[in-house]
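Below is one structure, written out as C-alpha cells; comments come after it.
Labels A, B, C, D and E are assigned to the chains in the order they are written; within every chain, residues are numbered from 1.
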Amino acid sequence: MTVFYLAGALFLLANVVVALARVLRGPTAADRMLSGELMGTTAVAVLLLLYGATGIEALLDVALVFAILAAMAVVTFVRRTWPEDPAADDEGESR
Amino acid sequence: MSLPPGTLFLLASALLFAIGAHGLVTCRHLLRKVLALNVATTGVFLLLVTLGRSGTAVDPVPHAMVLTGIVVALSTTAVALGLIVRLERRRP
Amino acid sequence: MSLPSTAMLVVILVTLPLAAATLLFASGRQPRTLTLAAALLLTFAALALGFNVHLEGVSVHRIGGWAAPLGIHWQVTPSGTVMLLVTALVGLAGAVYGAGYFLHRPGPEGRMARVFMPLWLFAWGGLNALFVAADLFNLYVALEVMTLASVALVALSARRMALQAAMRYLLAGLFGSMIYLLGVALLYGQYGVLDFDALAAMLDVEDAGSRAGAVALTVGLLAKAAIFPLHFWLPGAHGRAEPPVSALLSGLVVAAAFYLLLRLWFGPLAGMLTFGAGTLLGVLGAGALLWGGVLALLQRRLKMLVAYSTVSQFGFAMLVFPLAISGNREPVLAGGTLLLANHALAKAALFLAAGTLVRASGSERIGQLVGFSGRARWAWLAVILASAALIGLPPTLGFSAKWLLLQTAVSQGAWWWLGIMLAGTLLTFAYLGRLLELALLDPAPGPSPPPVLTPALLVPALLLALLACASGVWAFDFELDGETFVRLEPGS
Amino acid sequence: MSMLAGIVLIVLGLLFFLSGTVGLLRFPDVFTRLHALSKADTLALGLVCAGLALHEDDGALQLKLLLIWLLVIVSGATCASLIARAALAHGIRPWQR
Amino acid sequence: MRAPPSPTASDPGNGDGLMHPVEITFDALLLFSMVVLAWQGVHARNMFRAVVSFIMFGLLTAVAWVRLEAPDIALAEASLGAGLTGALLLATLGRLAPERRGARRPKVVKLSTLPWLTMGLAGTTVLLAVTLTLPAPGLGEAVLAAMPAAGVDSPVTAVLLNFRAWDTLLEIGVMLLAVIALWSLGQDVLASKPRLPAPALPALVRLLFPLFVLSTFYLLWRGGHGPGGAFPAGALLAAGLVLALLAGAQVPERMRGAPLRWALGAGLFAFLVVAVGLMWAVGTFFAYPPQHASILIAIIEIAAGLSIGVMLTALFLGGEPTDIKGGGK
C-alpha cells in the first residue's frame, strides 16, 4: 500500500515537472502563473499521498496550509505585478 | 540500492549552495542576487537537516535552527527587497 | 555596598537595549532623557561587570539552567569584558552625539532622529549578545541582529548613495552569514554540539570535515570584518553613513566580527592554528594593511580617508594570527584585544570629530576643512589625540597593544611580521599626518556664518579620544585570567 | 472493499491531473488552458481526497480532507476568474478557430 | 494527539531500513526539479519567470522537508513559500521601474564561465565529499532526556521555546528590527491602485479570512504537542491580512500609529518580560519552573504568534502606513 501511495506521488511529481515547460514557454505572464497554480494544487495532492504513505498527521496540516494559501500568489500577481508590468510577458522574446 | 542515506539530499544541497553562491557573484540585478542568496541559504538548511537525521533519534535541534534561520532569512530578504524598491523605483 | 551579580549584569546588558528599543519604537516618541538614561545604565552595568570580572575572573552562565550541549551558555571572559566596556563607552558617546546631531533637522529629516535611537540600541544589544555568546548558532543570530541594525543605520539618510552602500553592505553581510552558517552545519554534523567548550573538547584537528567547517566559519567572519580581499563593501558603507553611524560601524561592528575570529581561533579552533593557517591569515592582514593604508593616503574626502584607515587597521590586527602560531598565546590575545579596544575608541572619536568638522566646514573635502579655530578647535584636538592612539604613540592604548605584539614578534624572531607592523605604523602616521598637515597648515575659511557646534557634537569625541590615550597606562596590567585558550594549548 | 474503491478513486484523480497538464501544454491560449487546468485539477484533488478518506477511519481526519478540498475549490475558482479577467483587461483576446 | 512516529518501511534513511526504489526515484526527481528551478530562479532571462520559478522552488522545498521528516519546517516553508515570500517578491516586481524588470540582455557564453564552472564543480564535490563523511551524532538523545521537564510535548517547540529560547528571542528581535529598518527607509511604496475590477476577490477574502484566523489559533494550539507553533501560525495570520490588503482593505485609521507599533513590539516584549521576570523570580535567565513551564511557554507562543503575524504583514507593506488616504474596510 505504501508503495502505491509513493508511486502516485511520483506520478504527480513527474506530471508537474512536465508542466514546468509552460513556465519556460510562457508566452504571457498569466501562463506562467497558471503553472504555478498547478504546482500548488499538485503539491497538496503529493502531500496527501505522502500522508497516506507515512501516516504522519502533520502532513495534513501542511496540505491544509498549502490549500489556504493557494490563492496568495495569484492574487498578488493580479493585484500588484501584472497590471503594471508589460515586461513580464515575452513580447521581445520569440517563443 | 547501495546509496548511503541522504546522499541525494546532500548532493542537492551542495548544488543549491553552488548555484546560489555563483549567482550572488555573477548576477548584476540586485533582485537576482537576493534570490541567489536565498537559494544558497536553502542549500545550507537542507544540509543541516539532512545531517540531523543520520543519528539514532531524529534530532530536533537542526529543525529548530532551520526554523530560526528561515525567519531570519525572510526578515533580511524583506529588508533587501525594500532597499531594492527604493533604489530602482519607477520614476514618477 | 555590593555590586549586582555578574549574571544579573549580563542579563541587563543583553536585554535592556532590546527592551528600550522596543519601548521607544512602540511608544513612537523619543524622550531624550529616557534614551540617555538607558545608555547611562548600560554603561554603568558594563563598568560594574568589568569590576566583577576583575575580581572573579571568567564566569559561565547557563541560560534556562540547561547544561552544556543542550542549552546555550554565556561566557564572560576578560577579553569579552573589554569589548563590552568599549561598546558601552562608544555606545554612550554615540547616543549623546546622535541626540545633538539629528535633532538639528526639522521636517521630513526628523525621521532620522526618530529611528536612530531604536536602531542604535538594537545594534548595541546585538553587540553585547555577541560578546558574551559561547555558542555557534547563537552567534549567528546575534550577528544577524548586529548586521541588520547596521544596514538600517547606514541607510538612515535615505540618500541614493547611502542606500547603495547599505545594499552592498547587506549583501556582503548576508553572504558572510550564509558561509558562517555553512560552517556551523559542518561542525554540527561532525560533533553534534554548538557550545564552544564542548566543541573545543571534541575537536579533531586532523579531520577534513572540521577543517572545512573552520574555513567556512572564518571566511564568513572575514567577510563581516571586511578583511582584504572581502573589504570592498566597507569604505562605501562607512564613508557614506551619518557620522555617529560610521563611528559605531567602524569602531564596534567590524571589531565584533574580528573579535569573533579571535574568540574562535584562540578558543575552540585553537588546535587548528597551524603554521599554514596562521600565515595565510597574516598574509591577508598584510595585504589589507598596505592596500587600505595606500588608499587612505589617496583619499580626498575626510570620511573616506577614515574609512580606508579602518581597512588598514584591521589588517594590522590580523597579524596576531601568525604571531600566535608558536609560543605563548596569552600576550598575543591580550595585544589583539587591546588593539581592538584602542581602535574602537580612537576610530569612533575620529569619525565623530570628522562629522563635526564636516558640519563646521560645509564640505567633506579635506582641502576645504576649517582650521584650528573657534569651537572646531575641540574637534581638531580629538582628531589629534585619536591619531596619536591609532599610530600607537606612548602612552596611548594603541602603544600598549602594539608593544605587546612587537615584543612577541621580537622574541619569536618573526622579523617579517615585525617589518610589516612597522610599515603599517608608518603608513598610519603618513595618512593621518597628511590630513593634519593639509587641514591645519592650509585652513579654509568655512561657511559664514559658521554653523553652531553644540557641546554634544564636541565632548563625546574628545572624551573617547582622551580615554584611548589615557587607558594605555592601565593596559599593562591587563591579564587574561582563565580565557578559554589557556586550557586548550595544542598538544594538551 | 473501501480499500479498492479508494485506490480506484485515487488512480482516477491522478489521471485527471494528467489531463490537466495535457491541457496546459497543448491548448492554444490562456483562457483555454485555464479552463482545462482549473476544472481538471479541482476534480482530481477531490478524487484523491475522497480516496484517502475511504482509507481513513478517523472522522476528524476525513473532515480535514474535506476542508482541504473545499479550500482548493474556492481558491481555484477565484483564481481562475481573477486570471481570466486580468488577461482580458490586459488585451489578450480569446483564441478563435 | 501526537503523530506517532511513522512505523512503515518507508522510513527513509534512518540508517537501518533500505529505501524503496520508488522512494529513491521520487527523491531524485524532486531534488532534480528543485535544482533546475533554483537555476531558473537565479538565471531565467525574464525576471518574472525567475520569480515564479523561485516561488515554485519554495513549494518543492516544503515537500523536501516532508521527505526529510521535518514536518515543522515543511509547515513553515509552506506558509512562507506558498504565501508571503511569493507575495513579497511579486509585489516587489510590481514596484520596480519597468525598465528594471524586463528581459535581460541575451547572455553570451563567455570564456570566463569555464573557470567558474570548474571551481563550482570542485567546490561542490569537496562539500559533498566532506558532508558524506560526517558522522552527525546530533543532540537527539539529549533532547529526549530533557523532554519531561520541557513543559511541551513537541521536541522542536521545546528546543525553540525552552532549551534554546534565547536564540528565538533574538530571532523575534531580528524580525522587529527588519520592520523598523523598512520603516526607517520612508513611507510605504505601494504600487498605484490596481485598475482592474476584481469582484470575486472581496468575496473570497470574506470567506477565507475567518478560516485564516481559525487556523492560526489551531496551529498555535498544535504547537504544544506537534508541528505548529508561533511561526507558522503567525505566517498564516499574516497571509490572511495581506490577502485582505490585496482585496482593497486598508489598515484602519485608528490602528495606525501607536496600536500598530505596540502590536509589532508585543512579541519581543512578552519574550523579554518572561525571560527577565524569571531571572528576577527564579534567579536564572529563562529558567521556567517545571510546574509553570507550559503556561509560560503558551503565553510567549500566543504573543509571539500574533505579533509575528503583524510583523510579517508590515514586512509585506514595506513602509509605515501613514499616508494612505481613504477609509478602512
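Following the convention adopted for this analysis, contacts are C-beta pairs under 8 Å (C-beta built on N, C-alpha and C of every residue); 3 or more make two chains touch, one makes a residue touch a chain.
The structure displayed is predicted, hence computed values, not measured ones.
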| item | value |
| --- | --- |
| Topological distance between chain B and chain D, in contact steps | 2 |
| Shortest chain-hopping distance from chain A out to chain D | 1 |
| Most distant chain from chain E by Cα centroid | C |
| Chain pair, D-E or B-E, that carries the greater number of C-beta contacts | B-E |
| Chain B-chain C separation of Cα centroids, rounded to whole Å | 28 |
| Centroid distance [mean C-alpha coordinates] between chain E and chain C, Å | 32 |
| Geometric centre distance via CA averages, chain E-chain A, whole Å | 18 |
| Shared-contact residues (touching 2 or more other chains) in chain B | 17, 20, 47, 51-52, 55, 59, 61-62, 65, 68, 72, 75-76, 79, 83-84, 86 |
| Residues of chain D whose C-beta touches two or more other chains | 71, 75, 78, 82, 85-86, 89 |
| Set of chain E residues in contact with two or more other chains | 47, 67, 69, 72, 84, 93, 95, 98, 127, 131, 134-139, 143, 164, 167, 171, 174, 177-178, 181, 185-186, 195-196, 198, 201, 204, 208, 211 |
| All touching chain pairs, where touch follows the definition stated at the start | A-D, A-E, B-C, B-E, C-E, D-E |
| Touching residues (chain side chain A, partner chain E) in the complex | 2-3, 6-7, 9-10, 13-14, 16-17, 20, 23-24, 26, 29, 32-33, 35-36, 39-40, 43, 46-47, 50, 53-59, 61-62, 64-66, 68-73, 75-88, 90, 92-93 |
| Chain A - residues contacting chain D, complex | 4, 8, 11-12, 15-16, 18-19, 21-22, 28, 30-31, 33-35, 37-38, 41-42, 44-45, 48-49, 51-52, 57, 60, 63-64, 67-68, 70-71, 74-75, 78, 82-83 |
| Chain E - residues contacting chain C, complex | 126-127, 129-131, 133-139, 142-143, 146, 162-167, 169-171, 173-174, 176-178, 180-181, 183-186, 257-258, 261-262, 264-265, 268-269, 272, 275-276, 279, 284-288 |
| Chain D - residues contacting chain E, complex | 71, 74-75, 77-78, 81-82, 85-86, 89 |
| Residues on chain B engaged by chain E in the complex (per definition of touch) | 1, 3-23, 26-27, 29, 31-32, 35-36, 38-39, 42, 45-47, 49-68, 70-72, 74-79, 81-86, 88-91 |
